[in-house]
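Listed after this line are the structures, all set down as structure tokens.
Both of the next two complexes hold chain A, though its partner changes from chain B to chain C.
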Partner chain A sequence: MTTSIDLSQVTLRELNKRLHETDEGRFVVRNPRGAHALAVGITTPVTVDVEGSVGYFCAGMNMTGTVRVDGNAGTGLAENIMSGLVRITGNATMSAGATGHGGLVVIEGNAGARCGISMKGVDIVVGGNVGHMSAFMAQAGNLVVLGDADHDLGDSIYEAEVFVRGKVASLGSDCVEKEMTPQHLDTLSRLLEAAALPAGTMSAGTMSAEPGDFRLYGSARELYNFHVDDVDAAAAAKGKP
Partner chain B sequence: MNQQQWHHRESYTFDRNVIAEIRRAANTGIYRIRGWGAKRELPTFDDLVFLGASMSRYPLEGYREACATDLVIGEGRAERPVRLAIPITIAGMSFGSLSAQAKEALGRGATAAGTSTTTGDGGMTAEERGHSETLVYQYLPSRYGMNPDDLRRADAIEVVVGQGAKPGGGGMLMGQKINERVAEMRTLPEGIDQRSACRHPDWTGPDDLMIKIIELREIVDWQVPIYVKVGAARPYYDTCLAIKAGADAIVVDGMQGGTAATQDVFIEHVGIPTLAAVPESVRALKELGVHREVKLIAAGGIRSGADVAKAIALGADAVSLGTAALIAIGDNDPALDEQYRELGSAAGFWEDFQAGNDPAGITTQEPELASRLDPELAGRRLANYLQVLTLELQTLARANGKSHVHNLEPEDLAALTVEAAAMARVPLAGTEWIPGDS
Partner chain C sequence: MCGIVGLFLKTSTYHDELGRLTAVMLHEMRERGPDSAGFAVYDQGDSERTRITVLVTDDSINRRQTADDLEAELGAEVTLREIHDHAVFETTGDGRAARQWLIDNVAGLDVLSYGQQIELYKSVGDPDLVASRYDLASRRGTHAMAHTRMATESAVTTNGSHPFVTGADTCLVHNGSLSNHNQLRERLVQRGESFQTENDSEVAAGYLAWKLRTGDAIDGALTSALTDLDGFYTFAIGVKNGFAILRDPIACKPAVVAETDDWVAMSSEFRAIAQLPDVSHAEIFEPEPSRVYSWSLAS
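Here is the complex of A and B:
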């Protein structure tokens, strides 16, 4: 069943409340007019199709839901996503997919700075470029970038993996290029497939790319532990006070 | 060596502790990381006294007349405001920094006393939720373990901007404490020296915070209050901005505030004392016309009912305890002196919360050590301690003629030092002089 909701008639509170009270079905949201906190806290397998651009934190903490935006998104798209799918046709501002624990975020356009910051298991596929400090402190999950990555990619990264097809302006602290293994190629193929839309639908084929054209970046793991010297022990070994 | 000779006297600038620290730094090449809070002498609530009753002020009868202590947070905005029997709460301390047994003890003690406890940088555990009637869920930059189900299980949400021990620093948990369970809750490899983010990943500045608070309220369907916690750095401005962002309560944590693990240089040299911070936050609340409506929770070095009463008299609505609560449940117990000595310290001095080898079983993830703490007995000790603080608070409030502790006011106070008079903006004892007020 599809329910149509016009945000020029209904408040954000009413919309989110309905989404929280429903177990299933599809909602079409018209006139979002850049609303913040739209479709946040969904914990059921509902589908929300938003016709137009959204503000901050759209689909925040999404769990099992599907939220699709035909437009652009403000800061913190799908922040802390747990599972399910969030997909937008346009560009996303800063911190898209921040701290996401699971699920898939697809951005057909570009993503701004700090895309995938502190990600904890989410997969993010970006059709265009990502801004500086993307995958900052990223802990787990995969960030796939079909375009270029701006400066300081993967700064202080933990165990997340970053695949970039285009140029990388610079890598951040402790982020290095790594060898692509067959498992990595599998992961990448799976994600590109999951992110691609079937032929004949809106922006079909936008995510098609050859896994072999990507490079892989990840942690050198040199910042994992503090370095502690022990001169006293060395002195004792030399028989010195 | 004969100490009583001029040429053998100890240097004030380079005393034995300073020399030891220089030697430690030279040996290891790493700054000192430790727990506890600032250890040096600072202006505190001890520098204030209550005036008590006199010809013009009537006291209340000590044991008979009512002196209420209750507090409601988030009324009018949240569907389920937080209702506390006493204005003394337990501060956020993470599972990870503390053992599951310690978290349970805090929950039991707080619940018995009718107050709240708080999660920390590491998510919510079932033990903690189960044993805390009122549980505040921290929303930190790291977002370890953050999820919508726990968010909806919380009785309040505390957005942590900073902590008094380290305004501007993120959480730290050393490798010894990152065991399998802790690593999994935080999605990190076991055994790493974890340094969490110091900035929130998806908002910067007060305008973003306003939208973040709306998002959190929407996720929990406006059920519970939202607090904002800041380290005491610029409390006047931070309080103004937190009010504007829509917080129901502001937690201001002074530089004495405890920590599980922070650089010593950060603990001792960043932030301002609680005594100096509270009046600045109150000034912001009053100027914006929301004093006693948006609640102020003061933290950092609160030890006694006198500290609680003075913080409230200066305009706070409640206080929050970290270190004192840990001591109440058994930290630094003299009975463990020998074991503390084996670790190169002694009961009463031990500050190595980061090390994970706490003989009291509180700041550890070692199952054998943690099992030494009996959560039920430790919870009773905490409940008793909270009761004593409450009785002391009421004693002071009655002495000043107040039927509710929130009626305490700066006029009930005098300062013993010029510094305290200037910071607290109450007259120097025996004068009408408030430095800075002409």
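Here is the complex of A and C:
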């Protein structure tokens, strides 16, 4: 069953309430006009199709739901996503997929700064470029970038993995290029397949890529343990000889 | 927080609606800055005449008398227009000299702006009330900037509200905070700029005014700003016949730009842009950190 909701007629609070009270079905949301916190906190396998651009924290904390946005998204798209799918056709600004624990976030356009910051298991596929400090302190999950990555990619990264097809402006502290193993290629192939557009869609092709064209980046694990060599530096910081 | 909006009209199609569209944008940014608000509107102006917008902070000030005194000082006719606690002096005399004379000689009055194209209004209180009190919606012109403020670096006062103008037709609205503004203010004062508040953003406006006054074009001035200003900022900048945007290298203060054949709009959030005419055909993008964006009209 499809329910159409016009946000010029219905309040955002009412929309989110209905999404929380529904177990299944599809909602089409019209006139979002950049509204914040649209479709946050979904905990059922409901599908939400948004016709237009959204504001901050769209589909935040999503669990099992599918949220598709035909437009752009503001700060914190799919923030702390637990599972399910969040997909947008346009660009996302900063902190897309931040702290996400699971599920898949697909951004067909570009993502801004700090995409995947502190990600904890989510998979993020970006059709375009990502901004600076993406995958900052990323702990688990995969960030796949079909375009380029801006400065300080993967700064202080833990065990998340970052696949980039284009250029990397610079790597952040403790982030290094790693050897792509067959397991990594499998993971990447699976994610590219999951992110590929359904056949027959208008922009099909823009999200397709060959796994072999990517390079893998991850943690050098140099920041994990205290090094005895750093004792002098620690003492100096305290003003001791 | 703080919300900023800028609207620059590339063609004359929406000149009559500049104020109304700016008011719609400002309304959407209320929640980002409920303390106070302000707006600057540019029109085509008159190259022979300078307008000086002032805020009267002391009710005992006689604006008519001030206009007469300014006229005597400048040796040029000064006309007066009063709008609530604001006044606009218009003269064929030297605008920069007029601003300085007012600052030095009339206590209880802040000079908000001067230039051939700009008028500027600001006040504490709900942004919608500020817009209606100074009749933003009916104003026409070429470009406008507006700001809703959530104060962090200085008190909630009208003169701490944005926009800031310290040089001719050079207007700045700021979301963020600068950390080297005290040192920079001292340097700029030594170089002949003058300031009326303790506000960090006024220093950024003064910095650009100084750069433009000493020969830089806006792009060059903003490139230098990337080196000389320390802190967090997303700026929207208005100049005579032009408009520019700059974000610091970290870019944690939000910004979104939309552009059509008729206009360029910039805001902290997309919802301020969502209701502009023909927005469905706009090119929409997030301005990159450390990159100067500028637009200008053929003068």
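The rule is short, and it goes like this: the second predicted complex is superposed on the first by the 226 of 241 C-alpha atoms of A that agree within 3 Å, B and C clash if a C-alpha of one lies under 4 Å from a C-alpha of the other, contacts with A are read in each partner's own complex, and residues count from 1 in each chain.
In this text, a residue touches a chain if its C-beta (ideal position, glycine included) is under 8 Å from a C-beta of that chain, and two chains touch if they have at least 3 such contacts.
Remember, it's a predicted structure, so these values are computed and weren't measured experimentally.
Q: Looking at A:75, would you say it contacts chain B, chain C, both, or neither? Reply first, second, both or neither.
A: In the superposition, A:75 contacts both chain B and chain C.
Q: Per the contact definition in the header, classify A:165: touching chain B only (first), chain C only (second), both, or neither.
A: neither
Q: On the A-aligned overlay, A:53 touches which partner chain: chain B = first, chain C = second, or both, or neither?
A: In the superposed model, A:53 contacts chain C only, not chain B.
Q: Of the two partner chains, chain B (first) and chain C (second), which one does A:12 touch, if any: first, second, both, or neither?
A: first
Q: Is A:33 in contact with chain B, with chain C, with both, or with neither (first, second, both, neither)?
A: A:33 sits against chain C, while chain B stays out of touch.
Q: Which chain makes contact with more of the residues of chain A, chain B or else chain C?
A: If we count touched residues of chain A for both partners, the winner is B.
Q: For A:91, is the partner it touches chain B (first), chain C (second), both, or none of the two (neither)?
A: Second partner only, chain C.
Q: What residues on chain A does chain C touch that chain B touches too?
A: In the superposed arrangement, which is not itself an observed complex, chain A uses residues 36, 55-56, 75, 94 for both chain B and chain C.
Q: Using the touch rule from the top, collect the residues of chain C that touch chain A in their complex.
A: Going by the criterion above, the answer is residues 28, 250-252, 254, 256, 269-275, 284-286, 288-289.
Q: Which positions of chain B touch chain A when the two form their complex?
A: The contact residues of chain B facing chain A are 26-30, 33, 142-144, 146-149, 151, 175, 187-189, 191-193, 197, 201-203, 208, 211-212, 214-215, 218-222.
Q: Help me check something: in the complex, which residues belonging to chain A touch chain B?
A: Of all residues in chain A, those touching chain B are 12-13, 16-17, 20, 36-37, 40-41, 43, 55-57, 60-61, 63, 75-76, 79-80, 82, 94-95, 98-99, 101, 114, 117-118, 120-121, 136-137, 139-140, 158-159, 224-232.
Q: Mind listing the chain A positions that touch chain C in their complex?
A: 33-36, 52-53, 55-56, 72, 74-75, 90-91, 93-94, 110, 112-113, 131-132
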